[in-house]
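What follows is chain A paired twice: with chain B in the first complex and chain C in the second.
After this line comes the complex of A and B, so read on.
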């Protein structure tokens, strides 16, 4: 197996504040990898800097054998790397169908149709609601739409920023089973979560982040059994 | 006042309103995307007046119109590139101040280049042709303005609602960053918005000045402010709202003049702004926005 995404010594500063203090990690092709950590650990910053939304201070980001730091977000999307942003961020003033179509903004007509069918297969609910304004969908449906919208870009790798945020436990379960299903179709997944339990259960590989550093790594189930992790993220008392 | 006179004034008002509507769309479009009140918009409209004067001096009218609209559109895009784009991530107030700066720059530049003495606006013969409908007589431009306005608005609405670019515009107006994540080129969408707004201001300028005989470097100030009020009245960010606002202000203003209150016709517009901001700050069709902290 080769690394689809390889990050070396990534450093990001906001003004004088160091958000990422030279982190390194990699994502193998075909896997689900998760980054867990508390608020302010730098998880979102990691994803945003990979997408080129945040300028990086130092380090390299290799995707699919190409250096993508400093690249235009548009180019990165074109290369099949997409991000489902935190808080879903569907376009509330666009219909469900339009949201999906805009996810495939860089695709041609034929591939748009193909991707649309694939998304409707995964999320029959979105097909039922295609005419509805996205702002009127429920939280769970919006998350499905956000994932579906990302899949419209025909991605090789999809990054998700807290897909469980603000959703009921049952809906979270649904979302994660969909993430697994998406992964089984060959899409690599990088997942960011505060909900460490469900994330580690789903992931092949996990990394633990603390204030701009990666402090632990290992297979998901192994981290789940780790005493430190249990104490810090799974609510186990000492 | 006889029925004929009333109808005559209504027609004039509708025509003026049409020109206002075209300019008001520019304010509303730019606000919708950038949350910026483009104070230079009225001056773009004024510059279009000068472009037409010079273009018509050396070319036949169809070519002069094309030149005027092209140059106006390019100027709109250029202003955005030079004065607003570098401030994309700056606080909103900075870009607003930049817009005020561009407005003064255009006014003073044209005073310097063309002097402040009013320049006669050339007559395009077919636009000035007089038509007689029953007892009412009107020049062709008076009849053309509202019709053309409505056609252009319909085209614009189709563009915004049914094309990929229009979809991108609506997406960008809600969320810059997420739009970027979809692979949308934000700068291109913003350029397109300024291009459309300036093009419509160019059309509005030709229609407006044909009825007004002359252009000065300050000809854009008052119409610009009035059209801004029209956009606010209709709910800034909302295209049909701006059109209705434009027609409303045009008609009321003309009727006030007809009734002998011409002293107050400008005051009315701003009174309308004050009342609207007090009673319904989101305008007729504006959506309520929740400021996120």
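After this line comes the complex of A and C, so read on.
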């Protein structure tokens, strides 16, 4: 089985500060993979550098058998790799429908309509509220919109930066069931989370990041049982 | 469906009424001098206001360079259109550059058809020159954000003004003496559209183009950039390309409006296009609502009419029953105007229209709501 996304020795520096210190990991097609770690571990930087939003210092990023480091974000999106940015970042003064259409910006009219129907199927709530300004949606609905907007690009793989950020526990559960549903439609998911508990329960494969390095990896459930992880991220006292 | 049909009907009827009104105005233009000049200036300013709104309101680029691009359009149009016989009178100090004179004589000697189309060519050329200048400058300044972009474009506009009035260009722009004897608006369609109506037609075409742009997927990308650059970029929108596009198109239409302004004023000088001009346009955009095309158009007319016409009587001495009312003298009008502006901004915090566009549904709902007490709001 070949990996959809394969990262080797990725290093990113902001000025003189090393944000990622040569990390390597891979994402298998059709899986949900999660990167967990504390603030400042370099999780968001990883996603942003994959998308070409941050220049990388060293390493290779292979997506679908092609090297994508240094590539234009536009090209990467066209290749079916999209990002749901941290904090949702919906366009607040545009309607739900406009938000979705911008997600499908690189698609032609026919596939835009097809994708829109697919998103409405997954999120009937977005259909009900198509005319509403995105800024007036609830936090959970905004997260749905952010995921829906990413799906409009007809992605093969979707990367999510802390989808549970600032949401109530019940809503977080909903969001993760959505992520599972999206994954079941054949979309590979790379998930970044601080909420290690839910993330590891959902993911097939997990990686633990600490200050720019990957320190542990393994199937989600296995990591969940790991004593180190329990101590560091799940609040278990030694 | 019924609603759409009704709205289309209302729009068509309104347009017909407007056209009839314009032809009526053309027939009675001598009795209605003030109305004609306010409407003409209003329509010209509405074009530049919409173009500024495209950039500031829809793309979220706070640019203050409008006057500079207008002056490029105005000067191009003026230089190309001043009749050959008036050249010596206009350029009485330094003379005109021989190549420009030769070109103008060539045009004057060319067939009738060329001469009829020439004013439109002049407007277009002014627009293209401004667009070209914007494209070059945009590469440098569009990297800047918000206030910094505003300052850079403001400086740019001043540089353009300084170049036009510099002695090195005396033989082209007539330096600080300015240009006059600029011909009035041309007639269109062999006189079927009289000179008075021409600016309305040109502005309408330009604004329709911009509205179509805003409604297209490009317009959606502009708005996405305005709302959140990083998210827009993550959607695969090329930030620079779209910013540059918006900047170039906005500059093009500003220059067209500048060219029309030159035809309207009949004489221009570099001072006309100082920072104050940009502020006047910004004022119109803000009063109308940042992000609303119809708001900009509405407020262009309202602001022009208020400034130049409705408040005029504050400038005249007023005597009530033998008592000479103080304050009523030249300049008092602007005090009242400023007070009105403050009031409007305080009441309508997002401008007259906010980010909404004019719609018949809303207008009708507004009137029917009052009659039927309290209807369900949506």
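Methods note: the second predicted complex is superposed on the first by the 238 of 238 C-alpha atoms of A that agree within 3 Å, B and C clash if a C-alpha of one lies under 4 Å from a C-alpha of the other, contacts with A are read in each partner's own complex, and residues count from 1 in each chain.
Just so we're on the same page, a residue touches a chain if its C-beta (ideal position, glycine included) is under 8 Å from a C-beta of that chain, and two chains touch if they have at least 3 such contacts.
Being a predicted model, the structure only gives us computed values, none of them experimental.
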| item | value |
| --- | --- |
| Chain C versus chain B on the shared chain A, clash or fit after superposition | clash |
| Partner chain(s) touched by A:19 [first = chain B, second = chain C, both, neither] | neither |
| Partner chain in contact with A:147 - chain B first, chain C second, else both or neither | neither |
| First (chain B), second (chain C), both or neither touched by A:198 | neither |
| First, second, both or neither for A:126, with chain B first and chain C second | neither |
| On chain A, positions contacted by chain B and by chain C | 51, 53, 73-74, 77-78, 82-83, 85, 89, 91-94, 98, 101-103, 105-106, 149, 153 |
| List of chain B residues in touch with chain A within their complex | 164, 167-168, 170-171, 173-175, 177-185 |
| Chain A contact footprint on chain C (complex, rising order) | 217, 220-221, 223-224, 227-228, 230-238, 291, 355 |
| Interface residues, chain A side, partner chain C - complex | 51, 53, 72-74, 76-78, 82-83, 85, 89-94, 98, 101-103, 105-106, 149, 153 |
| Residues of chain A defined as touching chain B within the complex | 51, 53, 73-74, 77-78, 82-83, 85, 89, 91-94, 98, 101-103, 105-106, 149, 153 |
